[in-house]
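First the structure, in the form of C-alpha cells, and then the observations on it.
Chain naming follows the written order as A, B, C and D, and within any one chain the residues start at number 1.
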Amino acid sequence: MFRYLIRRLLAAAVIMLVITTITFFIFFALPSNPALLACGKTCSPSRLAEIKHSLGLDQSYLTQYWEFLKGLVVGRDYGDQSVRIHCGAPCLGISFQTDTPVLTTLLQDFPADLSLGLGAAVAFLILGVGLGTVAAVRRGRAADKAAVGLALFGVSVQIYFIGLLLLYLFVDKFQILPTSGYTPFTEDPAGWFQGLILPWSTLVIVYLAMYTRLTRSSMLEVFSEDYMRTARAKGLPAATVVLKHGLRAAITPIITIFGMDVGSLIGGSAVITESVFGINGIGKLAVDSVQNSDLPVILGTTLFAATFVVLANVVVDLVYGLVDPRVRLA
Amino acid sequence: MTTQHQPVDTGGGTALLPEPSIQGSRPGGTAVAGRSPARMAWRRIRRDKVTTVALAATLLFIAIALLAPVLTALTGWGPITPDNKAINPDTGNFPYGSLGGISAKHLLGVEPGTGYDLFARIVYGLRTSLYVGFASALLSTAVGVVAGLAAGYFGGWVDSLLSRIMDVMLAFPQLLFIIALTPVIQNALQTNSHGGTDENLRLLVLVLNIAVFAWAYTARLVRGQVLSLREREFVDAARLMSAGRRHILFRQLLPNLWAPILISFALAVPQNITTEAALSYLGVGVIPPNPDWGAVLSDASQFFLQDPMYLFVPGVLLFLLVLALNLLGDGVRDALDPRARRG
Amino acid sequence: MSVSTSPQPADVTPAPAPFLDVRDLRVHFPTEDGLVKSVDGVSFTLEKGRTLGIVGESGSGKSVTSLALLGLHKGTRAQVSGEIWLEGRELIALPEAGMRALRGRTVSMIFQDPLSALHPFFTVGSQIAEAYRVHHKVSKKEAKDRAVEMLKRVGIPQPERRVRDYPHQFSGGMRQRAMIAMSLVCDPALLIADEPTTALDVTVQAQILDLIRDLQEEFGSAVVIITHDLGVVSDIADDILVMYGGRRIEYGTTREVLKQPQHPYTWGLLQSMPHLGGDVGQRLNPIPGTPPSLINLPDGCSFHPRCAYKGWVTEGRCTAERPELRLVSGSERHLAACHLSDDAKQEIRGGAGPDDRDAAAARTAR
Amino acid sequence: MTRTTRTTRRSRTVALTATAVVIALGATACGGSSGNSAGGSPSKGGTLTILDDADFNHIDPQRTYTTEGSSMDYELVRTLTGWDETGSQPKLVGDLATDTGTASKGATVWTFHLRHGVKWQDGSEVTAQDVKYGVERAFSPDINGGPPYASQWLVGGDSYKGPYQGKQLSSIQTPDKYTIVFHLNQPVADFNETTAMTGWSGVPKAHDTGATYDTHVWSDGPYMIKSYTKNKEMVLVRNKNWSQSSDPIRQQNLNEIDAKFGQDQAAIDQQIKSDGGSAQTAITQTPIAGSDLTTMAGDPSLKSRYYKIPAPGINYLAINLNRVKDLKVRQAIEYAIDKTTVRGAFGGSAYGNYATTMLAPGIDGHKDFNLYSSNPAGDLTKAKALMKQAGNPKPTMSLAVENIPTHEHFADAVKTALAKIGITVNITPIDKNNYFSTVDNVKNQYDLTWGDWIADWPNASTVLPTLFDGRQIKKLPQSNNDLAYLNDPKVNAQIDKIGKMTDIKQRNVAYGELDEQILKDAAVVPLMYMNFSEVSGSKVGGVINDSIMAEPSLVHAYIKQ
C-alpha cells in the first residue's frame, strides 16, 4: 500500500514534469512582449532591454526553463537591482504584473475555488446520485423520464446562460439575493453562503445532469448483475437491494469521475462560473493573466490546476482500493 | 466522461450458457435474420420518436445555416449591415421600440450598439457553430481513431506511450489550456504581417484547438474496443493468413469499429459546439464581426437588464441546437449499441 | 401460433395437492422486435424430498422458469401467467411483499456462476448473515455465527476465518459452496439450483452435486436442478423435464427418460454426452443447428428444422402440426411431444447405430 | 498620458490639468456633483468602500501611470505640487512644496522649497533627500511602468540606472533638507505641472521595498496602508502623523478606506445603483461604460451621486500617412465619418461631445475650430466630391481596433461610413491588452488606427509633441505614439519652437495653431472629447470632479452620518 502510493506519486510527478515542460514552452511562445507591457508608454529600446534583463527574459528559453525548475525545488530570488524578492520553494515564479510570488497569489485565490468547488460537488453528487437512482429504479416511468429530461437539459444548456438567467431572476428581478461573489467564510459566513448560492446552483445544474445520467446507467448495469438477483432471491426488501447492494456497486465508477471533477473544480476549472459571477478564483486569475500576458501566472495557474487533477487521480485510485476489495494496491 | 457504460438489458432472463456445440455467438437470442447492423440501426432510429424529432431539428438547423444567404436576402439585412435607423444614438445606440427592436423589418430585433439585424446574426452565427462543431469533431475523431487503433493494435511501448499521452491530455485543465493556447496557435499560423488577428484564421485555430483536447476520449474508446477485438478469431485468422498490418488494421479492425466511432463523433459535436460558444463567450473564441452565438451571448450579457430578448433568443436557440444534437447522439448510440438503451 | 391455441397436456392431477404444482406457466417478454415467449405453457409437480431436473439448451426457457418460481419477474416487463402452487399457496398472484417473505426462506436458489452471483464488495460471511437476518430477528453476532456454521456445513475449512473473506478470495468450488450455504441458511423447503456446476471444474462438479444431495437428505427439501447436461441430473434427479423453445417436449421419471427417451431432441442430448462405460473412440454427436428464435417459433414441431427424423413421419406433418404432449404408452406419467410413431421410434432406437442414424439423416434431411 | 487597458472596460490613464483653462462643461457635462462646496461641512468617521473591477496596476508612486492609481495615490503620498479643485477651475498649488516652484535659466532649472513639518507615517520628517531618492527610483528597470518625463528631461537621465547600486543623479540637488533643485536638459515651462504627477514625491530609503513597494507604499498623506492583498483588497487607515495644517489639498474625514477589486464592473454598477446596505458608502473609480452608461446617465434618481467628469482627453482615428498618401482621400475620410454612430458605439451623448480638434477644451492651448463637416453625421456630398477629385479610387483599408464590443461596434460604424465613398474597410481586432503594444510597434502599420489620449497634465505639451513629433518614430520603434506616422518638417520645427517658449500664453496660441496644421494634413479624425462617468452610494459626500485626473477625487471625501 505504502509502496504503491510512492509509486503512484512518482508517476504523478513525471506527468507533472511533462505538463510543466509543455506548458512552459507553449506559453513562452505567446504572442506578446511582457517586458514592453511592463515598460509602459514611451519606452526606449535601451530601457526595454534593461527591463527584459530584469525579468530574466533575455536569457535563452532553456536557461529560463532550468531556472524555473530549480526554483520549484529550492526557491529563488528575484531582482538584482532593487530590494531582492525571495520566492520560497516551490517557487512558481513572480508575477510580472504584481511582483508577488505566483504561489502566494494562487493560495489567496484558492479558498474561493475550494468553497465553490467543494460546495457544488457535495450538492451535485448527492442530488445526482439520488436522482439517477430514482430514474434507474423507475426506469421508463414518469420519474425516469423527468430525470432523463432534466439531465438532458443540464447537458445541453450553456453554463453562462443559466448563470446569467439566475442572476437576472434572483438578483435583479426579484432581488432575493445580493450580488454574487466570494466572501471568505471566516469573515462573514452568511455572506459567504449567500454569495455562493447562485454559483453553486449553476454548477449543480450542469454537473447534476452528468451525475444523473452516469448513476442511472451505472445503476442499470448493476441491476443486470447476477448478485442483484441473488439479493432479491434472498428475500431482501427492494430498498435494501437498491440502496445497499445496488448503490454500493454502482457508485464505484462514479467515484473516479467525481474525484477528477472535484480535483479540476477546486483547481480552478470553473472558469465560466467564476467569470459570470465575478468570483476571484484561479480560473479568473488564469483568464486575466492570459490577457495580461503575465506568463508566470499563466504557467502557475495551469500547473496548479493540473496538479489537482493529477493528485485527484492518485486519490481516486487509493479510494478505489478501499472501496473495491478486489483491487489490491501493491 | 471516461466510462462507456453498457448496461445489459434486464429482461432477457439469465446469462447465456456457453454452447460448445453451436458455432459463434448468438446475438441476444432474438436475432432477426437478413438485416445488416446498419439497417437495423436505422430502423431503430426511425422508430425512436425522440431521436427522429432530434434528427429533423438538426437537419433544420443545418438547412438554416446553409440557406443563411437566402434567408437574409429575404429579410434584406445581412449579418454585418447595420441599420442605423433602428438604433438611437442618444441612448448609446440602443434599439428603438420594444423587445430589442423587434419589427417586421427585424424579425428578432437588432443588436444594441451596432444596429445589426439579430436574425441575420443568428442564422450566420449558426454556420459558425456548426462549422466549428462538426469540423473539430471530425478532426478529433480521425486523430482519436488512428491513435486508438495504433495503441490497441500494436500494444507494447506504442500503447504505453499513447496511453500516457492520453492520460496527460485528459489531465490537462482543458478550458484553461484552450483559452491560453488560442493566441499561441493563432500566432504560429498567422502569416500576415499586420499583427492583428485574422478572424477567419481564428475559426481554423478554434477547430484545431478544440480537437487537440478532444481526441483522447475517442482514442481511449477505440483502444478499448480494439483490445477486445484483436483477441477475436477473425483477426487471428487474418494474421495466420499473414495479412499485412495495414490490412488487419484498416480492413479487418476498422470496419468493426464504426459503431463506437460514430457514437463518439455524434456525442463530440454538441460538446464541441458548447466549448466553442464558451470560448467566444469568454472573448477568446470567434472574432467579430464574424457572427457567433457565444459572442452574441457575451455581448448580450451586458444588456440583459435593458434588452433581455437579446440574451434570450440566442441563448434558447443555442440550447435547442445542443439539445437536438445531444438527443441525436444518444439516439445514435442507442441504435448502434442496443445494450446501452435508455429504457 | 397464438398462446391460446397451444395444446394442453393431459396431466393427471393427483388427489392430494403436491408440494409444488406448476400449471401452464407462461413467461413472455415484450421487446422491440416482438413478444419473446421464453416459457410457454409449462406444467410440472414436485413432492418434498424429491428432485426434478429441468434440461434444455440455453434459450429453452428453463432458467426463466426457475426465476418465475422465485417470483423474480415481479416488477419487470415480463408477463407471467398460469399458476404456481407451493404448499397450497398460489405464487403468481401473490403480491411482491408476500413473495419476498417466501424468498430465501421457503424457496431459495443457487445460481450458475457463484462469482457473479455473490456481491463482490461484501464479505461472504456478511452476505450469508444478511440472508439469515432478513427472515430471522437475530443480532448481527448470531447471524454471523450462523454463517460460520453454514460454511462449516458445506465443507469450507477454517470457516471462522473465511467468513471474513471476499468472494474473489474463494476458489470456484468454495464459492459455490458458499452460495449453497447462503441458500440453505433459512432451511428452505424448495431449493432451485440453476446450472449449479456449469461454471466449475469437473472434479468439483461431482463434489457439489454430492453436497446438494446430502443436504437435501438432511433438510428434506424439494430440489429443482436446472441444467443443459443430462449427466448432471441422471444421478440426482427423480424426475426429468426436457424443455425446448419454451415448451415441454418430454417429462417423466429419470429412469424413463434416460432409458426410454421418446423425443429426438432428448436423443440428441443423450448422444452429445459421453458415456462413462462407452467406447472411448465413439464420436460424440452434437445436435446440428441452433436453438429457435423465441419470437417466431417454427411452425409445427418447433424442433423440426433440426430434427433428423422428420422423414419418418407423414410428409409435412412435422412442419405443419404441433405435436401434442402425449402419455407414452405403457407408462403412467411419461409424457412426450413427437409425431413419430412408437414403431418408428422403436426402429430408430433399436439397433440403429449412429452410422445408420447418419444415413437416415442423409436420407431425410435435405 | 498613457492608456493602460483595463480588463473589460474602457482604457484610461493619468491626467493632470491645466491651470487656467475654462472647462467647457456645457449642457452635457455637469452631473450633480456633490462637491464639498455644495454640501455643508463634512462629518468625520466611517469607512468609504471603493469598488473597482481590477486592482491598480501600480500604486508605487514612481510606477503609477493610470488615473485610478494616481487618484488613489493622492490619499497616500504628497507630490511637490498639486491641484486644488475646490474652485470653479483647477488651481496649481504647492503640496509638499510651499509654492509652485521657481523657474530659472530659461526654465531649465526648477527649484522647490519643502514645507517644514510634513511627517511620514512613522513621525519622521519628509526631506528633500527623500524626494530626490523617490525621483531617482524611477530610473531603475525594476521600478518600471511610470511616465518618461524624469528620464527625458533631467540632465544625465538617459544613462542613469537608479539608486539601487548606490549611484545618485547629480542633476537633482538638495542643498538643504528643505530645498530641491532640478536641472533640465531643455526648457520646460510647465515643469511645475509635471511635478504634480505622483512620481515627484518622496520615498524614504529605509522603507523602500523595491519592486514590491506597490503594497508597501510609505505614507505622508492623510491615510496609510493597513493591509494590501493584491487583486483582492486594500485597506487604508488614518495616518496619525499627518496634519491638516501642512496640507492645502487634502482632508482626513474618514476612518478607513477599503478598496475591493475583482467584481465585474456591471455588477458593481448595479450594486451602487441599487444603493443597498454597504453600497451606500461605496464609490467606483472605473468609468461606467456601454449600456450601463446609457441607462444610468439618464436616471434622475442617480442625479445627486452621478459624476460626469470631463477628461482632458481625445478619442480619435489616425490615418496612416505612409499608406494613405492622397490628401484628398484623407480629407474625404474626414467628411465621411459619421460621428453620431461612432459616438453611439462608445455610449452615446453621455460619453462625450463631438470633437473637431485634437486638443480638448480644458487643455491649455485648445483652439476652437472645425475644418471639416459642420454636421457631426458627416457630409457625404463633400466626401464624394473629394474622392472624385482623387480619381475615384476604390481602396481597401485596414482598421485596427481592440477586440471588445465597444470597439467592434465602432469599427462597424467606420466601415459603414467609408463604404459609402467606395472605401472597403478590413477590421483588424487586436487583443485589448496587447492593443497598444501592437499598434505602437512600427512593424505593424494599419491604414486606420483607433487611438485615445489623455493629457498627463492639461497642457498641449503632453498631447501634440507626443502624438505628432515624427522624429520619435525612429527613436521609439516599439512604442511609437505617432499612429498617423505624421512626419511633417513644418510640424516638427513648430514643436521645437514652442518647446523653447517660456511665455505660457504665447505657447498656448502656438499650440492651437499647431493643432489646426495637423488637421489640415488630415492625419487624424478627432472623434469625441471624452467624459468619464462614475457613481457613488448615497452616503458618500465630498467627492470632487477631478477633471485633471478624470476621476472622482476623494481628497475631501466623507461619509454622511
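What to note about this one:
Convention: contacts are C-beta pairs under 8 Å (C-beta built on N, C-alpha and C of every residue); 3 or more make two chains touch, one makes a residue touch a chain.
Chain labels with UniProt names: A = ABC transporter permease.
Computed from a predicted structure; not experimentally measured.
Geometrically, the chain at the heart of the complex, using CA-atom means, is A.
Counting C-beta pairs in contact across B-D and across A-B shows that the higher total falls to A-B.
If you average the CA atoms of chain C and of chain D, the two centres end up 93 Å from each other. Averaging C-alpha coordinates per chain places the centre of chain B 47 Å away from that of chain D. In this assembly, the C-alpha centroid of chain B lies 50 Å from the C-alpha centroid of chain C. Averaged C-alpha coordinates give centres for chain A (ABC transporter permease) and chain B that are 23 Å from one another. Across the assembly, chain C contributes 67, 112-113, 116 as residues in contact with two or more other chains. For chain D, the set of residues that touch two or more other chains comprises 270, 431.
With touch defined as above, residues shared between interfaces to two or more other chains in chain B number as follows: 10, 15, 183, 298, 301, 305. On chain B, the positions that touch chain D within their shared complex are 80-82, 84, 87-94, 112-116, 183, 193-197, 199, 283, 287-289, 298-299, 301-303, 305-307.
Residues 31-33, 36-48, 50-51, 53-54, 78-79, 81-85, 97-100, 105, 108, 171-172, 175, 178-181, 275, 278, 280, 284-285, 288, 291-293 of chain A (ABC transporter permease) are the ones that touch chain D when the two sit in their complex. Residue ranges of chain A (ABC transporter permease) in contact with chain C, taken from their complex: 225-227, 229-238, 245, 248-249, 252, 323-326.
Residue ranges of chain A (ABC transporter permease) in contact with chain B, taken from their complex: 15, 18-19, 26-27, 29-32, 139-140, 144, 148, 152-153, 155-161, 164-165, 168, 172, 210, 214, 217-218, 220-224, 226, 253, 256-257, 260, 264, 267-269, 271-272, 275-276, 283, 286-287, 290, 298, 301-302, 305-306, 309-310, 313. Here chain C touches chain A (ABC transporter permease) in the complex through residues 67, 70, 72, 75, 96, 100-105, 108-109, 111-113, 116-122, 130-131, 134-135, 166, 168, 182-183, going by the rule given at the top.
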